[in-house]
Amino acid sequence: MEQVTVKYTEKPQLVDPILIEGLPGVGNVGKIAVEHMIEVLGAVHFATIYSSHLPAQVIVDEEGLAYLVSHKLYYHRREGGDLVFLSGDFQAVNHIGQYTLSSHMIEIAVSLGVKDIYTLGGYQVGHFVESPRVFGAVNTPAMIGDLEKYDIVFGEGEPGSGIVGASGLLLGLGALHSIRGLCLMGETHGYIADPSSSRAILEILTSILGLEIDLEDLSRKAVEVERITTQIKDLAELLESGGGDDVGYIR
Amino acid sequence: MEQVTVKYTEKPQLVDPILIEGLPGVGNVGKIAVEHMIEVLGAVHFATIYSSHLPAQVIVDEEGLAYLVSHKLYYHRREGGDLVFLSGDFQAVNHIGQYTLSSHMIEIAVSLGVKDIYTLGGYQVGHFVESPRVFGAVNTPAMIGDLEKYDIVFGEGEPGSGIVGASGLLLGLGALHSIRGLCLMGETHGYIADPSSSRAILEILTSILGLEIDLEDLSRKAVEVERITTQIKDLAELLESGGGDDVGYIR
Amino acid sequence: MEQVTVKYTEKPQLVDPILIEGLPGVGNVGKIAVEHMIEVLGAVHFATIYSSHLPAQVIVDEEGLAYLVSHKLYYHRREGGDLVFLSGDFQAVNHIGQYTLSSHMIEIAVSLGVKDIYTLGGYQVGHFVESPRVFGAVNTPAMIGDLEKYDIVFGEGEPGSGIVGASGLLLGLGALHSIRGLCLMGETHGYIADPSSSRAILEILTSILGLEIDLEDLSRKAVEVERITTQIKDLAELLESGGGDDVGYIR
Amino acid sequence: MEQVTVKYTEKPQLVDPILIEGLPGVGNVGKIAVEHMIEVLGAVHFATIYSSHLPAQVIVDEEGLAYLVSHKLYYHRREGGDLVFLSGDFQAVNHIGQYTLSSHMIEIAVSLGVKDIYTLGGYQVGHFVESPRVFGAVNTPAMIGDLEKYDIVFGEGEPGSGIVGASGLLLGLGALHSIRGLCLMGETHGYIADPSSSRAILEILTSILGLEIDLEDLSRKAVEVERITTQIKDLAELLESGGGDDVGYIR
């Protein structure tokens, strides 16, 4: 098996496409936001990415159907730049996998003609937040001026801890390919799915994109996302409790 | 050394072969089931799979003979589809190894003409179970209807935690090659070898396959399997207690 | 993505260049020393090294600008051998990465004509030291005689624990390419940035190189270095506390 | 850098060579035994093996000279089959590295014409042993009969835990190349260097080989070996205490 396998159901020709990433992470803030957009916009699935850098497992749905964990790409045509969404069951297992999958994603983005990437995530503060602030980071200095009119916190020592995983790497690797990138991070407790933080980043993102979508249904989406994520968490704990190499695989 | 090396003692021509996997895992439910079938059917060993993704060790038998850990393939000719069995000493050490070995197995399955895979395992519940239920998951929606007449629990939120390791990946990767797959998981405590759970899945599997085999001897098989597995567990613990890189290798 | 990607902004022709390495490590003694030299000499940045063996993250500066973690090379022209400095955000994540990055660095050094390498670091003693001693190790026996006149402690059972990471490997791999190497290690507590230990090694190194530079400003440099390093430490802790594969990525 | 690099100082033509391995491990029983044989026989060093699968470090000797960790090969010409010794600073860091290095060693052994391998190690019992027994394992059934006259314990359920690392893999991989292999394991406490266990296996090995060597000096050799090993252990602990990716490298 190749390290990364991409299965296309369609190879869309897109106009000025913009990539929006929301993989699992702190509070699942980014994943909830992106899956909500995919649903309300009726975005079209066009590619599935399998990889040996993802966990070695299938997820089982409520009918007993097992599917291999993957990342998925969707598109939505519209004025002002088509949208491409990246969602998925899991981030890569380790740093090598993260670089491999993000590099692959940047190659796909280049081939689609993407010039702008938005990566979405949570910023863990460890306590509940009434009105989550949204922190930002860009990979191109000139972008900061254009973003001043939005309610994004830049700098002030935040995010004090950098950005780990796909949301960070797509910015860092994108810059090497002249793709502009903005990461939006909503404040969140960190230990539970947080649709209100997802809403905070979506309010800003839709404003930037000139997009009007209903943000009422985010709590329901959060429950769905949490069901899948819990499967994954339980597994991870089981694997760990099995200890080292002699893992007690469920089969 | 290649990552995977397959040594064939024979390259059998098989008719409508069905692959049945039972590698070590929770309660060794799958391994006990498959080794029992191999023994009572007198299945013929035809290939051994060595891999750098398996632990770096030999197992020593009661005569002092050391053999490299491996996966083994057996066949059994019969009306209604020949059977191919996959057993082994160990699962791959990590996710990359799992993908590599399962992909290799799918390639071998395709070359043998396999269209159906059954993967067998335990479903850990953490307490003793009088009459173990058997949970199922398939990789092809159309299969569920055909399986309704058997006493398999599909969905109902179980397995709530997905399926990790070879039993999951063979389904997930098999689907990408149009191989139908059913995973049968017997409820089991999880911390000791469980021949009664193996028996529960074998009753259903033999019924599906139209196979009549004696299921009385499973407890003896469980003892054998446990002897090998204990060797492996002791080693794993020793490796871990040795800590980090400076492992105190037995030599 | 290749395992290592080098982006040159310039390919300088250097005269008798000497490589000086100071990557993050115990007390950041080496990194503080090298970054101070780069600043006071006004050394010119000429290459950036990206690698999938570095952590999968971007660092965010005080303006909200995200940049991919990397190693950086600088040069400074002067009589008596131009200087090449190697600094960076991080060491490689594991042993394979360490060998890969150090081998690459040695290849670059050979291509630049480097014949001598100085690697700088701290030697952890676990308590505060008033006047840090400087321990040395060389990769070529003939060097020890020439170094007798400097206040470097060789042997006497120190460093009792060998030299791990880039400072060790550049010596070990350099020797295989006939590059002479000296590692200078300043005594340090180990748990906080230690500019006084950096000063101790710089006093010896500048004396060896016949270089006159101001060593007053090291404390300010230590504060800067610590800000970045703390970002990295916080992240590492977050990653670890997230546990195993199911890491709660900040995004 | 290649994963394995072999530097030959000589390519000896050997007559019926026998390979004897003694890498670090439990109680350093094998390493002490092999290093003693190399010394008293005055065996000639002919090859050094470097690898990115060994720890990323140099060891520093008492004069302050740093050398890259490695495996080393020596030969000793004699009637009845020349001897080739494999010693080294360290075993490979993980299972992939173990397979890679042992496969490489088997290739070298084949190219030298080796038909027999003896691997030496300790068998950890966790308490002090007055007269250490020697356990054996072979990779070829026919060998057991020939070895009956020696005081080797075969089977009886020992080693109950298989053989991990180079001593096991050289037997397992050797068998795939028709190289006969015997592993001799001396009972040992496990936590300290144990020259008396080394002596027990050397008494049997020299008897098998028809070799007469002085076994008085083993305690001195144990002290030397322990000095190096302690360096490595301290490092390993330091690396671990540094935690995860953000290792506090000594430099």
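By letter and in written order, the chains are A, B, C and D; residue numbering begins at 1 in each of them.
Assume a contact is a pair of C-beta atoms (placed from the backbone, for glycine too) under 8 Å apart; a residue touches a chain by one contact, two chains touch by 3 or more.
From a predicted model like this one, the values you see are computed outputs, not experimental measurements.
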Next on the checklist: In terms of touching chains, how many steps apart are subunit B and subunit D, taking the shortest path?
Outcome noted: 1
Checklist entry - Looking at CA centres, what chain is most distant from subunit D? => result A
Checklist entry - How far is the middle of subunit A from the middle of subunit D, if each middle is the mean of its Cα atoms, in Å? => result 49
Item to check | Separation of mean Cα positions, subunit D and subunit C [Å, integer] | outcome: 35
Item to check | subunit B, residues touching no fewer than two other chains | outcome: 55, 93, 95, 232, 235, 239, 245
Next on the checklist: Run through the chains and report each pair that touches.
Outcome noted: A-B, A-C, B-D, C-D
Checklist entry - Which of the residues in subunit C end up touching subunit D in this complex? => result 23-26, 29-30, 55, 91-93, 95-96, 98-100, 102-103, 119-124, 136-139, 141, 144, 154-157, 159-169, 171-173, 175-176, 181, 183, 185, 190, 232-233, 235-237, 239-240
Next on the checklist: Considering only the defined contacts, which subunit C positions touch subunit A in the complex?
Outcome noted: 1, 5, 7, 50, 52-69, 93, 230-232, 234-235, 238-239, 243-251
